[in-house]
Amino acid sequence: MKSLILGGARSGKSRHAEQLAAASGRDVVYLATAEAADAEMTARIAHHRAQRPAGWALVEEPLALARVLGQQAAAERCLLVDCLTLWLSNLLAVEPSRMQQELDALYETLPGLPGDVLLVSNEVGWGIVPDNALARRFRDEAGRLHQRLAGLCDHVTLVAAGLPLALK
Amino acid sequence: MKSLILGGARSGKSRHAEQLAAASGRDVVYLATAEAADAEMTARIAHHRAQRPAGWALVEEPLALARVLGQQAAAERCLLVDCLTLWLSNLLAVEPSRMQQELDALYETLPGLPGDVLLVSNEVGWGIVPDNALARRFRDEAGRLHQRLAGLCDHVTLVAAGLPLALK
Amino acid sequence: MKSLILGGARSGKSRHAEQLAAASGRDVVYLATAEAADAEMTARIAHHRAQRPAGWALVEEPLALARVLGQQAAAERCLLVDCLTLWLSNLLAVEPSRMQQELDALYETLPGLPGDVLLVSNEVGWGIVPDNALARRFRDEAGRLHQRLAGLCDHVTLVAAGLPLALK
């Protein structure tokens, strides 16, 4: 089963995904895309880590998501990717051709993966058009990514105030 | 039937409206409000145009939306307006009295139009309060427009990740 | 009955909460958290005030929300707090320890209040990550507040284009 879990900042989307992972009855592998580039990000990573069960395996991968998903996926496992927004942000910082390769690899790999895959991502396009061209590009790419993954996933959920709303 | 289709940037709202138009069985008139003011906007317009069926008529009107809707509407037609946010943005650049005239004209004209009318617009008020006074005014006007049109439309849909959520 | 009413800017969330208050059949006490710090805010407050029934009592309190809720709540009353976002914003401007005290006081007080309590708040985390550290902190605090209150309320509603969507 593949699920896409969307929501705004601090919407409770990660916690919702973690509850789904815990309830899956499978061995959970937490796939973190964050890189601790500064103090604020280090604190956010530590905050998320402190809330996860100790028994979960942790794999950190900022860029090659499809490859790591392919390596880690197994029938008895639940992979929890948190989050796609940071992965996309990491990809925007490398060369453009690499970004498209990684996106295409994800779209090709995802449908065939065994076990459960939970993908967490931020809604970022519900505000005023940003002044910044990179921010506009980022929200366009994030929107396209969500539409594409929504088509590939069995379930899509929007989380607000910690409460899930089923979109698919 | 009148429908309002709302969603964030790259949420798939235009594609959803286009699917509704194609499924209507009526002759589709695509009413574009965008003006190609710069290279980025020209690219966005070309991107949208490439995704539309060749048989659809195209009418471009940045300001006088109610007048053009009145001229184009017919029992056998489906008018697809994409998008109200750009129309509102165009109106904010002309004198204020003109803007209110155009808004009032839309509210008066819409209920009596024959055929189908699909109105696409961006949700822009779900982020942090913008620093910029014009941006704050824009999101206030957009919010009021959506509330008013939601009252006049038969259906209101919120689109996220390409998936429709019925609000009315 | 406790209700949390969420929505973007000009989504119609205040109007929706006011309709719930009017339909409650109870004596309505409107608890305003806004302070008229500048001309724009003064205009917004006047705009909201003009839309409320004359028979409603008005209490203004920018910071000590839990205390005022405790004083005002009664079995025959409906308290309408508009809005939590401004209250949080006011608290961010005082010392941090006061903010946490006020948040904790609200979480302790709310469940035991008699009568109806309607809490209105803005969704602010669905846009691009703000450049500004204070804005990031604000949207993190707002998101946490909404999650916590959603757990304590009987009903949670998301409003878009004036239309309510039940989350709980």
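Each chain gets a letter, A, B and C, in the order it is written, and its residues are counted from 1.
By our rule, a contact is a pair of C-beta atoms (placed from the backbone, for glycine too) under 8 Å apart; a residue touches a chain by one contact, two chains touch by 3 or more.
Computed from a predicted model, the values in this text were never measured in an experiment.
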Copies chain B and chain C touch via same or different residues, half shared test: different
Cα-superposition angle relating the copies chain C and chain A, to nearest 5°: 120
Centroid distance [mean C-alpha coordinates] between chain C and chain B, Å: 31
Set of chain A residues in contact with two or more other chains: 8, 123-128, 139, 165
Chain B-touching residues of chain A, taken from the complex the two chains share: 4, 6, 8, 123-129, 133, 136, 139-140, 142-144, 146-147, 149-151, 156, 158, 165, 167-168
Residue ranges of chain A in contact with chain C within the complex: 8-12, 15, 40, 123-128, 130, 132, 135, 138-139, 160-163, 165
